[in-house]
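Presented sequentially are two complexes of chain A, the first with chain B as partner and the second with chain C.
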Partner chain A sequence: MADLITTRQTADGPDMNRRDFLKKTPVAVAWVAALAGALSPLRNLGDTISAEEFLQSHYKELSPDDMKRVLARITDEVEREYRVRPHLRDVTPMDGVQFAMALNLTRCIGCRKCVHACVEENNQSRSPEIQYIRVLEMPQGTMDMERGNHDYDVEQVPRDGHFYMPVQCQQCENPPCVKVCPVEATWQEPDGIVAVDYNWCIGCRYCEAACPYWARRFNFSKPELPAEDVNPDMAYLSNRPRPKGVVEKCTFCLQRTREGRYPACLEVCPTGSRVFGNVLDPDSSISYILKNKRVFVLKEELGTRPRFYYFFDS
Partner chain B sequence: MWVKNYYGFVWSCLVASFRGNARYYAWMTLLTVITLVGLNAYAKQLVYGLHVTGMSDHVSWGVYIANFTYLVGIAAAAAMLVIPAYVYRDSDMRDVAIFGELLAVAAIVMCLLFVVVDMGRPDRLWHVMPLIGRLNWPQSMLSWDVIVLGVYLLINMHVCGYVLYSRYQGREPSRWLYLPFIFVSIGWAISIHTVTAFLYVGLGGRPFWNSAILGPRFIASAFAAGPAFIVLTFQLIRRFSGYKISDSVLFTLRRIIQVTMLINMFLLGCEVFKEFYTDSLHVASARYLYFGLHGHEGLVPWIWAAVAMNTVSTLLLVSHRSRQIVYLNLACVLAIVGIWIEKGMGLIVPAFVPTPLGQVIEYTPSVNETLVCVGIWAFGFLLYTLMLKSAVPILTGERTSDRNGV
Partner chain C sequence: MLALLALCFVLDLWGEVEPVQPGQSKGRQYSANETVRDPLLAPRLEKIGFEYGCVECHRNFSLDNKRRQRLAEHTSIELDHGANSRCDNCHLLDKLDVLVDYEGSHIAFEESEKLCGKCHGPKYRDWKEGVHGRPNGYWLASRGESVKATCVQCHSPHSPAFKPMTPAPAPDERRGSGGNGHG
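And then the complex of A and B:
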């Protein structure tokens, strides 16, 4: 047994002679072939990443000129892939604005129109479909989400003895997802929106593990977005098409709300259950709700301080 | 000058690790083939995305992170050789401590591979590198983990490299150039596993992990499974390399595992008591693990198998039986497998079931995902074998710069 590890003392030393060479070459060739075989699936890798994309800096480190170049590059990429020239821009937060949303649980009928309007607005993958909003059908008399039904039949709503609770990113003031991200690929913007830089995210999914509201989604495969479904009105930090392998989430439709429009989920809601606005403006409808309704937040004990409130109307 | 000498040393190690008898070649060929199969599976994952795994937005971490967690423990266990060797000055231990440090190197490399294969964007690995990337330190526990694992790898590489290089040069290593690192490595070993536990502990949204006892449990189980692994490895080393490792080393390790297994079982019991006696809504994950939830019972047979293995192993270890090598080996195998289940799948997966919105979606690793894991394990064994193959003749004095001056 001992001979196994003792060095074979060859007469010719480390210099390979011709006989050795002839003997060893086929073995080496076989191993190289095996390695090539193992790596052969990579032929289907498709588009390779350009040096420019590979070396792109973090969103916060991009100069205005850098940003212009990045936006031009992504615009071209989108046009090449979807044959639609997008109106892509970096929409920045407005001064003196802090967004919040409130949801009237008495009014919500669980029609899931917000779920689908969100997908259409934000260019999510259609297959598998990525949805930012999850509506729970809750039996009356409990707030235990384990008793909620995620798969209820939308034709049957609203069912007696139930209420409907849509849940999406709560845009926490103390966001656990931001704290855990190892590379600052997600952060809180001055207007309170938690954003993701899809070009910086490494896809470790630690934020998914940290989020208490199951609000984050990961692109397990390349998002499938039919060209005819593309919404060309795009922002860098929100609804531009995402690559494979990164995390995404609700951004309060910042491509709309930062330009004075309402989020898609609010606009489509047939019952007017959603209220959205600037909490720093005392005359806004959201400020009215926060002052006059008995609002609550989900999982308050976790200290996440959501900017997403729920209330029941009397 | 020493750069050239060191280069010669590394080269001679490489040459030595490619020479051996038929059995050695067969073993290495087997490991290489399995590694290539894993590499092939990973190439597929690169093309089609993590979609080819069993993970989902519901259970977003699986067997990759489970293996990562387990192997951080194996790496930390090198301290269980270093402490008796250098703190208690056990000379038998001192002769073999280096094998533990080499194991730590192999285990950390495997850890890093398990993290990389779990990443959606491995091409952006540089974003995590200190200085060139944008590390979210000190906020993110993962950024701490990058640092402590990286430094632990460097410490162990330095200690092993320096000691072997000195022996190769035919002189005693200078105490000042490695002893301080040895002592730092003891504390550092604790730190890598504590930080890895804190990755999970710090998440308020996952009550199953949000427990102060998780850190101590990680340390206890690591210091049981790691030395158990080393007991088996040492017997293989002395069988196949002829390097003398006395039984006393194995029995010192047995005493360590006796205590750590008992502590591990006790801490697990504490956790189980807190979950089930309190019986709050937060017990859901533990109930899923041990008894199943709403008819979903995927992990139940596994965790009870783990409980049975850990119990039998502990009983064997505390009884006289395990003074016989056969029973000691049985106890070690049971501890290695039992703890792998308990702190791998049994710790990672239940935290995601139910989801934070109360949905129960189970997770089973896919075939492709399993092949990637097997490939990384094979690569780890390959690396460890290569390192032992170069190290043993140097430690026995068979290979020195004079006799093998390359």
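And then the complex of A and C:
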């Protein structure tokens, strides 16, 4: 049988004549060239993503050794790009701690210092601007967020007839953004902080659409961060420089708060409108607020159970 | 058509995408945690290079506790503190380097919050709990101290209402963060 086939092929010669050859070869060459050309951006892949980064596992699957390697790699990358050697680490949640924040709407005057302190602390992109906190100037007599204006540009604040409501990630106990993530790149940590693994995020922006508080931001282009303005105090899950095409949000400054410090927005507030602490500690200042002030949450009817409380106080 | 496409790809006619260069630094001007005021813990007057304490003048000029005008060196003081219209509502006239307490006893300038607490009880209680005024440092006592600002670091004792201020720049709609909430 095998002999027969061989004989036939030898007898008929190759299954193509000269005309076919001349017709098909240029098409084939063009195909290959087009394919090679179209794939040519991959030649530069080494500059944007290393093989190691491409093969990196999900945050929760990284062993301590893996994490050490990842941190070393990112430290080198940051140093190469910004000429600053960051103090990058993976800050893990503390036992017996659940964070919450409360904001006194009577006291907030809408000065926006928290917005900019947050940007400086968390290495957000300066252009395009990424800001985690949105200060809404609200007409008195309504709590409808749709009526708030966040780009008020006035000589002096507060303006008569208005109150000011800073809105950021509410660190919901029942977070809609986490539910919609198709790749589990965002999840809730044991201390209540909703975190994002920037190396796992695919940039689908479902979470951004799901968030009823407009708290998530997307890096449409490569974040622009002047080297002089880099805050070298960095954590893996929070303020390390982000790549293009990922979602980010407020993390309660976990690089600070998980080491016992106050978040940046609180420390800069000139009116002392913010209170932050551990709700599991009955003697903490946040527990005092929850026990003694009439606190409320935004869009309570959605059942998101925010860990971010608002209150009015004389 | 296909050959043209191939040619375009091979010659890389679209060119490289220009990488965004880090822009001009604006500095980290909002990372400072200063309070609104820098209170005079021991009020002093500076004149032709010398510093004087209260008593150095007032041993010669006795104070009339009915006086409501602020003369000479005190014209810059704007008094707008509710019913407190006289100096001796807060200052001890016989001993001007301290503040007045009940029954002729006194409070040091360094502990002025005790004087405020005499009228503003609920606020004083909240302040002691750490929820009125802004703390700095550590929420976790085992890691470090939570530094409280005192009353006079934010409120002028003569005119205590919190003063309006110029807001920091609004988000730039053209450069992101804006729109109707997303981005």
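In the analysis below, the second predicted complex is superposed on the first by the 278 of 314 C-alpha atoms of A that agree within 3 Å, B and C clash if a C-alpha of one lies under 4 Å from a C-alpha of the other, contacts with A are read in each partner's own complex, and residues count from 1 in each chain.
We adopt the following convention: a residue touches a chain if its C-beta (ideal position, glycine included) is under 8 Å from a C-beta of that chain, and two chains touch if they have at least 3 such contacts.
Here the structure is a predicted model, which means the values were calculated and not measured.
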item	value
Which superposed partner A:200 touches (first chain B, second chain C, both, neither)	first
Contacts of A:100 with chain B and chain C, given as first, second, both or neither	neither
Which superposed partner A:250 touches (first chain B, second chain C, both, neither)	neither
Partner chain(s) touched by A:70 [first = chain B, second = chain C, both, neither]	neither
Partner chain in contact with A:147 - chain B first, chain C second, else both or neither	first
Chain B versus chain C as contact partner of A:157, first or second or both or neither	second
Which of chain B and chain C A:272 touches, first, second, both or neither	second
Which superposed partner A:264 touches (first chain B, second chain C, both, neither)	second
Touched partner set for A:38, first chain B, second chain C, both or neither	both
Overlap of the chain B and chain C footprints on chain A, listed as residue numbers	31, 34, 37-38, 40, 44, 134, 150, 208-209, 214, 217-218, 220-222
Touching residues on chain B, where the partner in the complex is chain A	15-16, 19-21, 23-24, 32-33, 36-37, 39-40, 43-44, 46-51, 53, 55-58, 60-61, 115, 118-125, 127-128, 133-136, 139-143, 146, 199, 202-206, 239-242, 281, 284, 351-352, 354-359, 388-389, 392-393, 398-399, 404, 406
Interface residues, chain A side, partner chain C - complex	26-27, 30-31, 33-34, 36-38, 40, 44, 82, 94, 107, 109-113, 115-117, 119-121, 125-131, 134, 150-158, 208-209, 214, 217-218, 220-222, 224-229, 231, 257, 259-262, 264, 266-272, 274-278, 284-285, 288-289, 314
For the chain A and chain B complex, residues of the former touching the latter	1-8, 14, 31, 34-35, 37-42, 44-46, 49, 54, 58, 61, 134, 136, 144-148, 150, 167, 176, 179-185, 200-206, 208-214, 216-222, 243-247, 299, 302-304
Chain C residues touching chain A - in the complex, by the definition given at the top	2-3, 5-10, 12, 16, 19-33, 35-36, 122, 129-140, 142-144, 146, 149, 154, 162, 164-173, 175-178, 181-183
